[in-house]
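In order of appearance the chains are A, B, C and D, and numbering begins at 1 in each one.
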């Protein structure tokens, strides 16, 4: 109160979490400083070879986000910068930062690499985990942003060789560290993690034995951009045939590391083992030494099954030590489940190192930390012990990419609620500098600018020759060369030529349109010409750099590429920015904890929310539950949440209602409820939740065989005070053929309830029959606590020794064969508690109504497993809660907040825009064959009348329908068939 | 005009009838068929002459039937709807009757796709039920298919049709049989029985609807020559069902041919004891010489005069 | 054959293959200048007629390079492209042109060296085949 | 709709013989919908023809033109100006369109590019199936909306033959037995009596057996 809130937000940490938070905040109308200590943003993802469980190239996944950060109006990227201190209160912080000298001017550096070519110093390359060398002047990694070099001042010999070759004079070794003060309204910490360093540990031999490496080092070996270009070789240069992974190095109380589980290493090792067998030139035998295999995430169990099917061996064992076995072999000494010590020899041992927190900045900011040293946050919230400062991603505890992205978005939504009124201080609804000239009636006047890129292009291609050829091409009224087309002075010069010569088409022959077209489009726009009248051709990456030894041929090819670009430019048409107004309200389906949180998150940002719930009450499962390990004191928490929803003036609850019909698209949906009520909304959130499975595996209907919910209810009503023996059976209905997924929350809930039994009946014997305890992250401590409290854990394998339950007159008997001790354990007990599977509820029906996809396990399918975990592929529709995948209650709530950020940003902008590339139907030619409607991956085309209609705002611009249309009725704006033909003709025939 | 159908008489007198099947040659050379005919003479009441079975071009069934008549056997003329339209079929039936043929078996015919002229146009102007009905119209109402009266010499055939108890829903097959009987079928020859259980269920449904009293049912029997032949029938011949134990018996037999004969004899005896079965139709295609042995060793020899 | 200078067009999607071609440049991998890249949003957008035009206008070889299977930015565009390539191979061979003058490849953005390899592979293949048989005969144009 | 498939190029160019100026005419009717006769297929075919002749060292001139429906004379007249000097026209319409084209321009050499297969509809994204034989004497009200004339391989009218293997036709195990489906549908509807009634021999004269089909509007005579 009283403080004028700033619309500026600082995001600290430029990994995928920080990038997500920054982009979401900017999208929501805030001005963002993205502060990164290293000299390029990207964090850990660019280091990884692939991501699980989709097996995609990790770098490819994050690359577009890096470019987006560079382009996004409202995001200021500050690299080489660290936060020293932050003073103030929510809405008004003063942050003191220290910027370390880069010694290279980002604006001038063209990343040509001439400097590194002459630099005499070689040092280990951190990005490649020391497996390769870099120079003292270097690019952190080739795809990094900012795309500029940096001088490593600790290694630099100050020989000035680099300065001598740097044509744009970008090097400035006189730079000094400087302090910066910034005012921001909120701070989001996405600090990531530090990999555990096993150097000090004798038992793993790391640092002593050549072929013992860490998992991150192995990621670089596997990466196609790594030192061996993805060829599988060991540090000793040989190709490994037998590889072992040792899990939990630095996790789960092992190796003097932390007590927490690092959550992702099981999956990461499976991924690497699969990658190794796929990429290696020899047959690879891969073995993973593990305690549990923790496949708690969406799609993880299937991934694990696939690995087993492909012959990856999983050895449940405690690794005692790793030794040098001589002859290049590494010996793994381990105790199996039977307790006997054995050893096996390997060519390569990979240590799956855990995640450790960064603690210096949190301590400097006086933030409360968890026992494990991660940043402590509120329940179902990402606010730290200092209001106005939020933390997301691995700095609050180990998690996967999808969890990190979800938390980052959730933090953005909490910031949006805090600073709601101050947003728009940065308006990213780009104000156009000048009004556009209508050029449709004009004959094409093309200006061609050929970039020398210093010597990068000019050193190979005869640029004046290309310019001279260009000047002779039809419609070309200006042809010039530029030393660096992308520099600021070049932009000014291009604008001047556009005005002076009355150009209405722009051709730039330089580097990649993927990274630079946006820049030249803006330049054209600033000169008062429609941005889509710009064409680029890549004569550097696709010509000068790849034909360096054949300058004449390269020159001829460059001329051909320019000819092609001119031919296309001639046919370009101005594209109107198509925008649609957004109905500023949201529809939320499902009023469980997730639905409620999403509704509240949107309403608190000032948007109207219609909450549709098929039952007669709010709260769903959470409202019927007493104990949840992820949300302490759940009844109080949930009743407060329900209360806030009920009393919020912008939330309209529709109880005992279901959606009957949905029409429209992002920004403008119309939904009809089963009572005929019609709701108009700009976005939709689907949170139908899940149900608890109760199959007939174990005595259906028996009053003493309970599900977790039933046990929760019993204990919650205090009826657990006369128990003597209780057996929990895990994975009932989960992780089997029918449901090949882990239900994620049952292990932790079972532990929580087991401890509650011990509270109510301290003498009660509690047994947990489990397959793998899925106590990822901080929940490992719950596991340890339960063991400390005397809970007995018995592992079973459903194929070998599935437990059986028999009804006796007065009690139950559970028998489980112990395959190690070769005897059968018989437990007489009063209650058997089944940790049964989570099954999706209503997903199929809603997927049909909203035309969105479900996965093979019956859950909603997100647009991208890791990077867009709450978005559907269809724009404007979002998911949260168990309908996305089973998860803990807290995760559901955070996911709902992430949805609030994503959906809120759309509502806040007020308009949705079509890209410049979209499919356009000629109704005259359409024969309503339905091909486009059937084949479009996004279900965009519809036939309402006598022709197909494609809404430009919904169209993703892939052009698949264009090639499908039998009557050539569809064209892709920007890539019309006649334009493609013109390009081809110009290139091949030399027509000008 | 010669006398009526002897097959009809045998059946009407309550004898257990025996018919067998003969395929005319793929040439104009008739001696081989005649030799086979002589071999079965006296052991069967009538001999079916197939009409380009499996859609393979052969000597016409009408000509074949006439040859049998000359040898002193009673033929059953098989007529399919695949190759001739209603004009040609009626014409042939008039001609056949004039030559002394008294039994006709009306079939739809195997699809031309299976034969040696798969690109031929299938006629299928009529289906078997309609054909039965047309032949019945000859004798009962003395009319042609178009309703035009046959002024004199209307043929009076003993009309047969086929039924396959082993294809599709059983209930549907019984209803279809009923339809054929209503159309005018006086006797029915069934697809080869191997699956006795299913055949018994079929006959029980037949009896439930009283169909056995409205026509004579002759159970089809094929003596399987080898395991391979049994498997071929099971997998390749449409509408035949061969249980696994038959295949197993043939596989394990020291002399598969003898085992095949044993199986056929068991089947003949078994169908004889099923209520409502009036006879047996032996389809020993290419193995006709075994027919006398089967007939005599199942106590069906001698045949009634 | 040494005088034969093939002309090869590579249609590459911006999300993956075009990026791989960029990376081949960054890595300074060398390939024959006879290969020219045309960028498209997705290989699924490439029309049958565009590819045929390339051949009719004198391309000796054409390849289409999209994202890795299962990783298409537009879900299935690369798979649609693959099917069209298979169809076009038949169309070409019906007309008397070796269908192997057209090929489909799948690349991730990180596969710069693979892009250079493909460029080389196609160059070698087309050199081995010799000039497009159309290139000896002038066309009479389209009577449009 | 009419479903047609493209003829092999060899057959089309053989029919073109020595023609050197060829116009490919697409049809925006049925054949466009089944992806064989639209403007795109016309361009592909025109390109194929040009390439085929150029490979043989004989340049040809080809063009394409689109017609809304080749089975209507009025839609054909507008292409007349494109026919000047044309040696042959290749039609991507069904057999009806090809003939209308030939009739509309008496001196024009017309080559069919398609084989007209059947009257049917789309049963999968890229799969069409026959549904009507145009017998002129519809009995679908007796057979539960499933046509035995079309969908039974022997066009039987009184029930299945004895060859049906399980639920499938004896000639192709991927084709369901029409009669078993009719039977089950009638049974479900409680209308089995429709099937039990003897269906008399069909009047084929109303269909293609009856010579050239003709139909006049009853309320309008020319």
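Note that a residue touches a chain if its C-beta (ideal position, glycine included) is under 8 Å from a C-beta of that chain, and two chains touch if they have at least 3 such contacts.
Because the structure is a prediction, the values reported are computed rather than measured.
Shared contact partners of subunit B and subunit C comprise D. With centres computed as the average of Cα coordinates, no chain lies farther from subunit B than A.
Taking each chain's centre as the mean of its C-alpha atoms, subunit C lies 36 Å from subunit D. A separation of 32 Å divides the Cα centre of subunit A from that of subunit C. For this pair, subunit A with subunit B, the centres built from the Cα atoms lie 73 Å apart.
Spacing of subunit A relative to subunit D, judged by their CA centroids, is 51 angstrom. For subunit C, the set of residues that touch two or more other chains comprises 47-49, 53. Within subunit D, residues 40, 43 each touch two or more of the remaining chains. Each chain pair that touches appears in this list: A-C, A-D, B-D, C-D. Put simply, subunit C touches subunit D in their complex at residues 47-49, 52-53, 55-56, 91-92, 94-97, 133-134, 136-144. Contact residues of subunit D toward subunit B in the complex are 153-167, 170-171, 177, 180, 183-184, 192, 195-196, 198-202, 204. Partner subunit A is touched in their complex by these residues of subunit D: 26, 28-29, 32-41, 43, 66, 122, 125.
Interface residues of subunit B facing subunit D in the complex, by the touch rule stated above, are 81-82, 86, 108-111, 113-114, 122, 124-130, 133-134, 145, 162-164, 167-169, 172, 175-176, 178-179, 182-183, 191, 238-239. Taken together, the subunit A residues at the contact with subunit D in this complex read 925, 927-931, 934-935, 965-968.
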